[in-house]
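Let me give you the structure first, and then I'll get to my questions.
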Amino acid sequence: MNKIITFGEVLMRLSPRGNKKFIQSNLLEFYFGGTELNVGVSIANFGEKVRHVSCVSDDFIGDTAVSYINKFGVSTSSIVYSKRPLGVYFLEVGAVMRPSSISYNRSHSSFSEITPEMIDWEKALKKGKWFHWTGITPALCRGSYETLKEGLILAKKKGITISADPTYRSGLWKYGEDPKEVLTELLNYSTIFIGGVNEMNEVLGTDFKYSNEDFIEASKMLIEKFPSIEKVFDKVRTAINASWHKIRARMWNGVEFKETEDLEITHIVDRIGTGDAFAGGLIYALQHYDDFKSLQFGNAACALKHTYEGDVNYATVDEVMGLLGGNTSARVNR
Amino acid sequence: MNKIITFGEVLMRLSPRGNKKFIQSNLLEFYFGGTELNVGVSIANFGEKVRHVSCVSDDFIGDTAVSYINKFGVSTSSIVYSKRPLGVYFLEVGAVMRPSSISYNRSHSSFSEITPEMIDWEKALKKGKWFHWTGITPALCRGSYETLKEGLILAKKKGITISADPTYRSGLWKYGEDPKEVLTELLNYSTIFIGGVNEMNEVLGTDFKYSNEDFIEASKMLIEKFPSIEKVFDKVRTAINASWHKIRARMWNGVEFKETEDLEITHIVDRIGTGDAFAGGLIYALQHYDDFKSLQFGNAACALKHTYEGDVNYATVDEVMGLLGGNTSARVNR
Amino acid sequence: MNKIITFGEVLMRLSPRGNKKFIQSNLLEFYFGGTELNVGVSIANFGEKVRHVSCVSDDFIGDTAVSYINKFGVSTSSIVYSKRPLGVYFLEVGAVMRPSSISYNRSHSSFSEITPEMIDWEKALKKGKWFHWTGITPALCRGSYETLKEGLILAKKKGITISADPTYRSGLWKYGEDPKEVLTELLNYSTIFIGGVNEMNEVLGTDFKYSNEDFIEASKMLIEKFPSIEKVFDKVRTAINASWHKIRARMWNGVEFKETEDLEITHIVDRIGTGDAFAGGLIYALQHYDDFKSLQFGNAACALKHTYEGDVNYATVDEVMGLLGGNTSARVNR
Amino acid sequence: MNKIITFGEVLMRLSPRGNKKFIQSNLLEFYFGGTELNVGVSIANFGEKVRHVSCVSDDFIGDTAVSYINKFGVSTSSIVYSKRPLGVYFLEVGAVMRPSSISYNRSHSSFSEITPEMIDWEKALKKGKWFHWTGITPALCRGSYETLKEGLILAKKKGITISADPTYRSGLWKYGEDPKEVLTELLNYSTIFIGGVNEMNEVLGTDFKYSNEDFIEASKMLIEKFPSIEKVFDKVRTAINASWHKIRARMWNGVEFKETEDLEITHIVDRIGTGDAFAGGLIYALQHYDDFKSLQFGNAACALKHTYEGDVNYATVDEVMGLLGGNTSARVNR
Amino acid sequence: MNKIITFGEVLMRLSPRGNKKFIQSNLLEFYFGGTELNVGVSIANFGEKVRHVSCVSDDFIGDTAVSYINKFGVSTSSIVYSKRPLGVYFLEVGAVMRPSSISYNRSHSSFSEITPEMIDWEKALKKGKWFHWTGITPALCRGSYETLKEGLILAKKKGITISADPTYRSGLWKYGEDPKEVLTELLNYSTIFIGGVNEMNEVLGTDFKYSNEDFIEASKMLIEKFPSIEKVFDKVRTAINASWHKIRARMWNGVEFKETEDLEITHIVDRIGTGDAFAGGLIYALQHYDDFKSLQFGNAACALKHTYEGDVNYATVDEVMGLLGGNTSARVNR
Amino acid sequence: MNKIITFGEVLMRLSPRGNKKFIQSNLLEFYFGGTELNVGVSIANFGEKVRHVSCVSDDFIGDTAVSYINKFGVSTSSIVYSKRPLGVYFLEVGAVMRPSSISYNRSHSSFSEITPEMIDWEKALKKGKWFHWTGITPALCRGSYETLKEGLILAKKKGITISADPTYRSGLWKYGEDPKEVLTELLNYSTIFIGGVNEMNEVLGTDFKYSNEDFIEASKMLIEKFPSIEKVFDKVRTAINASWHKIRARMWNGVEFKETEDLEITHIVDRIGTGDAFAGGLIYALQHYDDFKSLQFGNAACALKHTYEGDVNYATVDEVMGLLGGNTSARVNR
């Protein structure tokens, strides 16, 4: 079975239990995550072979991160070690009108020390069939940008499908490169664009709004500007409050526009990583189903992620299919 | 005060906290349950004297189960011991679109070793006024079927009221008897039928649907075929998703059809054992109120069970009455 | 920066985790609270200087209470010690149709030993600009009533603004004084009345209903009878069930009636102390904004409190303002 | 099987986990205990029928206490309810050189409201064969003293064996009676004295030291002064530090002095209730073995209690016998 | 790097936290273990490639077990699934004079359904250099015995080194074969014997005692009777009590007898799996060091295991070497 | 009451519960610490006024740290905020032969951004009577070195007593200055030297051994070289293993050498911060007692710290005095 490869930082997530604030607590739960890893684990939970490429700390925290990834059967053979500490983020989980809050400690993390020489991309991409990257990685530092670029060059050469989720976070991008230029360069290696109007505006320099019409226009313009890109997939979230969301997904595949129905998540357990669950579901499905079914699969995967604690999606293909098949009443499985 | 007797397997329930999966956790909460025990404890919490008859493991787990039952003041004097381990079930609690999942380890449990000689039914039914059984017990193995049958024969002889919840689970019934035949035999000892169209179809060999009309027709046919049965009580559940249900109850008492209003449970805490809470509420109430009030009492008891963790219902008569009296706003009791 | 002073009993709150009953649990979480302390901490979390005046037990529990208050930067320099144990309350948290239940152990607590000589009000009120009291304090015992009265007399003399939340709990008031008389006496020192029709009926001896019209009439009559009182602020709660409420607030400031829009709290985390959060928000805001903005601020503060575990409100001014500014969708703060 | 009856206050014990102080924690474990209850439960765990007589609070805390006692199969049929709250004690567990600390909240507890009329001693002592009391009960208040006295009078009349553990705590005894007089009066109903030189000095007005010689002298004098007393049993503890103790036991049975060997408890789990475990072991054993074997049994039971969390001893007869038989190496039981 | 292969049942271990009994608790920690898996994980933690061969349940519990093994980087590619539940064991952890207690629920577990056809031994032994088995596996059922035998035959054919730990548990062996005959047959495939006088007596039918002299005699006789066996390694434990042990190890390698010094474990954290840690350390070391150094390595690994919770040893080569190098003072690693 | 001032980094400590490794856990306990803060809190727990000067992160983690310090009544008014994250350390707690392990994430922490301009030393040292620093602070970065130096200059000018604990950690000191030069410079402001032969060797360039003779020689040479230094206090630890230590303390006060007796800590709860507890006890005591009593007080404080979880010492003066008075048997305080 050929492999899906993801590349990106692994972060330790630390959070008090329930809806507690740090100031109220002396106990934390920890998980590991990172947008690309979340996508990889999600795909592994659908039964695919996945390898995650990263750089972690050479201490018991880095070992714990690697062990955590092993747990999902995701290959850690291309994870390298550095002397710096693993990146950390602290999360306070909100509810109803209270937003969740995140504080990062990642700017001098082990991953920020990565350089192209540290990764043996030949080995990492061996038997690869799909490579997924996001806009977080080139935003972190020059080393991660250049390492990613080398991976993309080799992946393209090998004919591996490349998907991009060029999430733009203005708080990152501190090492001197221009986000638009870098993302433009990297998108030229990619065929699948997972992102919305915001991300397209960022690389196009446009000002489209959120309507379906604007989404279609933007997608067309994107495909024109980036000839390698074939399809655009986007998820749309309507938040009633921090505990209750509706989600749907839409796409322009170069030929037609389609959108799914809304799924209503009335009691959110954990919303971190739900976008990654969408990407994971989509990437898995595009290898097995047509575009619209894949869009629906991604949306249902995203919905199910809201019911799991932690950053990653545990849903199986059967569970996603059950939901797509209309089992929203969620009878007990015995 | 005369006793209510329940008979059935006691299972240990093991579940990660909150909505975690086993794969995410290393801590489990445990409870004990079992459909007939749940009914018994529920009735004890309404203030009645209850005895539970069962067979548990002769080790510290069996001792813990007995101690757990003692806690509710339910008599354990007719619980016997066997060398096999107590049955166990593992539960992953779902949310929203994600169903809960259960995995059983019960097929060679301590209860599966029970034989009629092990239970002194004279002693167990002493001062009994009501005996409750379910379709799980005769489904497990020949010994449990035969032991139950002996209990029913003696209970009938003693004029004890017998209620039946002939839940049919096709995954059980592996020891060679035909479910329909066995249930038919055992129903002939019973006067109160707690079950719906599904259960009636199973013993009647019919194909009624869920409508009230079909329910009435089925009930009439059931009473015709089983002359001992006087009344049929059924609960009806509409699941919006795993976290949000509506429940109502309906009955045919040989004379008239009645149904309760819907109760809407917007934030389910634990749905396991809610059917048993309905049966428990109903059995308690039928000894104190008329049929329709009893139906309402059962439905309200069922609703309240959704707010308690674990398999059993902790609601008191006052709490059920408060809810029936319209206190759905749930002001703090100080 | 001048200080806000609160005076009242500090209670230890003991509660099983989640929705468990005591009978199901062997682990408790504890917090400290008390209606006036909750108001004080809430205001401190908005950035004001606050001092809480009280009497706690001279043991490691009293020390823990003081340490808990210190945590919020609230001054504990006017807290005195007595030989009796700290008051305790036990809480079982309900859900949906199940009410929460509270059992108190406070009638011979350390606070019940307080006498006017124990508090150096000159020191306690130093640099004070606002003094807040509630109807719980004079209800507990003669000593607490008299101590409060002395504080009010001095506060009035010093020109400190006095707010009153004359909550009436009939279960208290056991030491022989007439609640109406005592509350009447103490209200005469107060300018801000935080309470609703119930509380006004109690001191007016009237029978107004909950309508806005009656609220206005009652407020007018109150201000007539108590010339020191300038403004009346009230919060109105509509409970769909124990897990889902709507809240709004209304006021009569002697000139005009205003009411806020409803805020809908669909997934309550903890409703204890939400009234205190309203008072805290209001008192903070009245020092910075006009009456109606203050009313809105109080209502939004109250709404946010429903999302925090424990008795006190952790919301900051930014968070309240965010909610008032329409951020109900609660995006993650990164 | 005849019953052993114990009478005394039930307290809720609240303690942070491990060696934490309250100031470091927000989670508590709770148990129920009380010296006489501890003795009763210990004996029930040896397989005897036990009834505990007490007065608890009429709220969910009192219900939880009763449920806790039921768990051990101890009869709660003579437990009555009062409006006051259940007594509570807070425990910080020390280690090595750090002593454990306890803070009580019991002086106005539910038990302190007990009066002789509340207890139906005829019913409580039905089929009784042994009655055990301690010096804590008459020390609490007049009501508990008088209720105990009535119980003792009837027990003596019925020929029930009476054992006394006249523990003297000077911090109690606040209601006006003289400890020495009261204890003297009550000891005259008792045949078994469980206590050491301190307790004998208290009732004899002597000043004996801890040596075996003094113990023998004191015992002889005690038996002379209290003709009903036949035997004196004492445990002797040598504390290396809070985590490491040695214990032995000694006796004067009117005929001979004997003492056991030392048992060394190198890693104490919980020392609360170890004295009660000695009394429980002794009382059980005196009904089955000779005096010295009983002394050894009590000492071994006491040793084992140090390895259980909570106030009560869980050791079984087999476990005590295993230890007496020399199994100190504690191989795993499979 | 070539692989070490282990084969045996995977059990779920369930245990209350600390020294609690099940009757005191409602929270359990779970781990996975099994004597052969423990050995395998231990060796993987020393940096070797390991594959564990087993049969687990086809449900979320089996998935969790596989995920747990993946965590350590141990290959799970030869683990197969069956419809029966995973074996479980319940553990109460003793202290001082109180033994730990274990109750098993394994007799109809998923592993008990294993048959030779289910395991592809060619694949499982691919690149194998060492195969380890224990006496538990052939004791469980005919299927596990026959499956093991096939593995041993192929391993021998491939020239893989075979080590045996023929632990004899009389409580197992219920399917009809004679333990002595079966163990004799299987030992003939083995070159390394890890076991003591007890195990040698079992297969030799002798009655040697524990002295070094008897150990040497028994070893010589064993090697004579089983010509394939070259070396005998044994660990010797002296238990002061359940919390405090001394361990040493001894060997007869066909040429000379050697024994290590005692290591004193004064504060045992968890003794389950310490024998497996000895075997794991020994097997690792025999591939890198001489016999006596390997014996010392095994003994030190065993000592360190006593300080880890759960069934498996987390010690690394550096940590074992540190201890062998005399670092018993255990300075903090920074 | 005049204040004691401490200055240094505040770190968040994250550790699995009990003796678990990170790889075994998903729950962490957190505390805050830092060698100088630990000293300050320890002194505050003896009843002195303390102010801690530091720089924390401007996020909810920094707020939680400040709140944690407030809890002890230590003044946080001179704590400033920076945009970088708070330093973190991860701790795995060893046992017996297994050392504890620490991994730091502090090299780009909020404290590393401190510069002299950020601290208003006039305000921070207001009413100061004692200033304590350690060798960690100048080792971290140029900014912390220079900020400390400014504080020392002003403290000396104000006649504040200065104590130094010039702990030398070679793993720090990465910003380019020579440790020996810097420490020499800073020691010239100090009068009390808290450290041993290692630290003296580091600043003297000598090679003294651990004997008392060498300690005395080194102390004399130190005082000769640093005329401001008057006294040298040292603690000596003998580790039997990670769970069992002996400690004593020794001093050279320019006139005489003294050493305390050994205190034996047989069951260590937490050894982190025990050196700081020694310094805290000593600094407190030197303001109240003579040199030798102070040395004993410091040693006893250090011993007691081993019994508390977390970095700081909770012992009170009474508790230390109790231990000095010979109460090592640690009777329960009721």
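Per-chain numbering from 1; labels A, B, C, D, E and F assigned in written order.
We adopt the following convention: a residue touches a chain if its C-beta (ideal position, glycine included) is under 8 Å from a C-beta of that chain, and two chains touch if they have at least 3 such contacts.
These figures come from a predicted structure and were not determined experimentally.
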Moving only from a chain to one it touches, give the least number of moves from subunit B to subunit F. 1
Counterpart interface for A-F, drawn from B-C, C-D or B-F and sharing over half of its contact pairs: C-D
Suppose a student superposes the Cα atoms of subunit E on subunit F; what rotation angle should they report, nearest 5 degrees? 120
Which chain is most remote from subunit B in terms of Cα centres? F
Computing the C-alpha centre of each chain, which chain sits at the greatest distance from subunit C? E
Nearest whole angstrom, what separates the Cα centre of subunit C from the Cα centre of subunit E? 62
Compute the distance, rounded to whole Å, between the mean C-alpha positions of subunit B and subunit D. 42
Let me have the rounded angstrom distance from the C-alpha centre of subunit D over to the C-alpha centre of subunit E, please. 45
Residue numbers in subunit E touching two or more further chains are 21, 23-24, 26-27, 67, 71, 101, 104, 267
Topology of the chain contact graph, where touching chains are joined (line, ring, star, complete, other): complete
Show me the residue ranges of subunit D that touch subunit A in the complex, using the header's touch definition. 24-27
Which positions of subunit F touch subunit E when the two form their complex? 18-21, 23-24, 94-102, 104, 169, 171, 239-244, 267, 271-272
Touch list for subunit B against partner subunit E, complex: 14, 21-23, 26-31, 57, 59-61, 63-64, 67, 84-86, 88, 90, 92, 101, 103-105, 107-108
Enumerate the contact residues on subunit D facing subunit E in the complex. 71, 263, 265-269, 300, 303-304, 306-310, 314-315, 319, 322-323, 327-334
Contact residues on subunit A for subunit E in the complex? 67-68, 70-73, 76
